[in-house]
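Structure provided below as structure tokens; questions to follow.
Note that the chains take the letters A, B, C, D, E and F in the order they are written out, and that residue 1 is the start of every chain.
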Amino acid sequence: MPTVKLVDENSAHPIVREVFADIKATKKIDFIPNIWRALASHPEHLRLCWTRLKAIMAPGKVDALTKEIIALAVSATNGCNYCINSHTAATQKLGLDNEGLGEVLAVVGLFNQMNKLADAYQVEPDILPAPR
Amino acid sequence: MPTVKLVDENSAHPIVREVFADIKATKKIDFIPNIWRALASHPEHLRLCWTRLKAIMAPGKVDALTKEIIALAVSATNGCNYCINSHTAATQKLGLDNEGLGEVLAVVGLFNQMNKLADAYQVEPDILPAPR
Amino acid sequence: MPTVKLVDENSAHPIVREVFADIKATKKIDFIPNIWRALASHPEHLRLCWTRLKAIMAPGKVDALTKEIIALAVSATNGCNYCINSHTAATQKLGLDNEGLGEVLAVVGLFNQMNKLADAYQVEPDILPAPR
Amino acid sequence: MPTVKLVDENSAHPIVREVFADIKATKKIDFIPNIWRALASHPEHLRLCWTRLKAIMAPGKVDALTKEIIALAVSATNGCNYCINSHTAATQKLGLDNEGLGEVLAVVGLFNQMNKLADAYQVEPDILPAPR
Amino acid sequence: MPTVKLVDENSAHPIVREVFADIKATKKIDFIPNIWRALASHPEHLRLCWTRLKAIMAPGKVDALTKEIIALAVSATNGCNYCINSHTAATQKLGLDNEGLGEVLAVVGLFNQMNKLADAYQVEPDILPAPR
Amino acid sequence: MPTVKLVDENSAHPIVREVFADIKATKKIDFIPNIWRALASHPEHLRLCWTRLKAIMAPGKVDALTKEIIALAVSATNGCNYCINSHTAATQKLGLDNEGLGEVLAVVGLFNQMNKLADAYQVEPDILPAPR
């Protein structure tokens, strides 16, 4: 059960109304996902979060599907259930099928393993070219 | 300092020789990265890790650059220094420039934030279509 | 479902009885939260945990509400559902309202993001004064 | 070594100049911390991060010292070295002495332990009042 | 709810059939645990995971119960519910009683606390003998 | 560099003197590891931590080497450098050789991978017997 009362989709608060309308338009969905209804209990924080998410998730050098795959990889590494559900659905909507999902998760699992082995053996970085 | 003595690149152990040769050929590099020299202290485990990594990282439904980006996203989320260095270098080698790197890390940072907010508000998954 | 049978609130085990009575008196509550009923399956560990928690959570240089806010920040960062519920309730009892909770969680989300960016860019500490 | 070249404090990029000037004025410091010099490799992301951090860290219902203590608790829980250094220094600047720091970290350590015990015993949330 | 449809225990896919039969024979169980039914949505990944798990979990220098205890310690540290359930059951099957489980989890909790204190105080490794 | 000044091994503070002497006697070492010198900046917290660690690490149903292996598994999963060094050394002192260490870390790596896959596929616990 959420720790705050989820704000109604038809909230009268002007900031909330504006952000909720933009979420629906931008994501082309007809409901407000629960995370945004929770964040709306603090309208200014809702706006800060949404504005930034919208800017960062817009396709640029990296395309929209790759961005959702990154979001899924981060969410699975953190074990965030809500987020895993949400980003799995988003990658499917953008065309990743079950086989592709299996491949993505295989890479996620692999490097969670390799990360811990690299930490455990305390290996130092290989000599690499200086950063550009 | 590594917790085990790194195995020499010219090790005479047959499994280690075979795996080290395959690492150089597959990755088109002329040295053995430190993580593999550490894992070589247990040759069977070295072989298990390398065989699996080679299979999973081969391009399939998901291309090689996207796989390295996933590896970087996981490594940054886990805060594994060796791995961050290694996968940053690999994404650059595959063509991601500094602006692209900035975009990738912006997404990584964003969802580490959103993950914690979703957990903190204990929001329940939105109703999504059944898995396929 | 818990992995051990939760110990009854009216347990006859002398250590458990003593600790349970002290939990109720110290926290001014009339039930034993589930975590303590689980820990009671190993009475000595229950006592070690409670004695230490009681000592650390007593107000000192840092007041009780700030200590519960720290507990919530740690629990949200770790994604521990039981703990998030428990410490959200505790901060509310100590006077933090929903707007204050929103502010606290905004800071928690912010630094989970900044932590990953600092790790990902491998920035070295700024030169700071020597520790006192 | 950072994975990108840190941007010079006297960068000529207009967004970077503006953000760097605001960082110095807002934090009352005369240098640019390394994390902002790294983020400046992607000026738009620098601006998004700084704008949001400035808004969230301004005192509101929660005071500035408590916000830095939350930042330190998050950073210690994530094990982010750069961030631990930075926020330890910030709490000292705002008046937390070594004894207070010891108290804060005692709480951080305590709940990292309790979080894992609650997870391990899979205890379910106590029945709490409905969220407001 | 799983993010993929769990593969039926009587799947006709040859790789899945072979792996499922080996799981039942090796673990001496008469059902396929849910994690393997999920992994089976990508048969090659299922095979890679099972082959490696079977090799690593076979008793060697380290006995089977200790290996399950390590698995439980890792799972509790990561807060993975499914895994905590599965490895708690496995340690019980191998003879660990509730008192032993309490001892194991006491150690897990203790070092989750100590890890964060060591990180928070940024203590440097003690001078130890060179690795062998 | 530690965030607090490490307390001198010959500190005159009565609590610190008593705990330091007990650490040397209990661990059969002739120096005080850095973590305890850092914790000594808050003598009461030092005492709380040491008393509990000593009680939990004493052999009971679980032997001393297994307890150090759990400590190493937790530390590697958390990526705590100081702790990994310290517990690797402790396991070696108690007789684990490099091959045994390789086996332990193989299990640690394996379940860090499996944990993330179980989380990512959101598999629900198998039906297990009720807890005892």
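Quick note on the criterion: a contact is a pair of C-beta atoms (placed from the backbone, for glycine too) under 8 Å apart; a residue touches a chain by one contact, two chains touch by 3 or more.
Nothing here was measured: the structure is a model prediction, and the numbers come from that model.
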Chains in simultaneous contact with chain C and chain D: A, B, E, F
Starting at chain C, fewest touch steps before arriving at chain E: 1
Copies chain F and chain A - interface residue numbers shared by over half, same or different: same
Furthest chain, CA centroid comparison against chain B: C
Most widely separated chain from chain A, with each centre as the mean of CA atoms: F
Distance between the centres, which are taken as Cα means, of chain C and chain B, whole angstrom: 34
Interchain centroid distance [CA atoms averaged], chain D/chain F, Å: 27
Rounded Å distance, chain B centre to chain E centre (Cα mean): 21
Residues of chain D touching at least two other chains: 1-4, 39, 45, 48-49, 52, 56, 77-81, 84-85, 98-99, 103, 105-106, 108-110, 112-117, 119-122, 125, 132
Chain A residues touching chain B - in the complex, by the definition given at the top: 1-4, 6, 31, 33-35, 37-39, 49, 52-53, 56-57, 60-62, 66-67, 69-71, 73-75, 77-78, 80-83, 85-87, 89, 92, 96-100, 103-104, 106-108, 110-126, 128-129, 132
Partner chain F, residues of chain D touching it in the complex: 79, 84-85, 88, 98-99, 101-103, 105-106, 109
Chain D contact footprint on chain E (complex, rising order): 72, 76-77, 79, 81, 84-85, 105, 108-110, 112-117, 119-122
For the chain D and chain A complex, residues of the former touching the latter: 1-5, 44-45, 48, 52, 55-56, 125, 130-132
Partner chain F, residues of chain B touching it in the complex: 3-4, 39, 41-42, 45, 48-49, 78-80
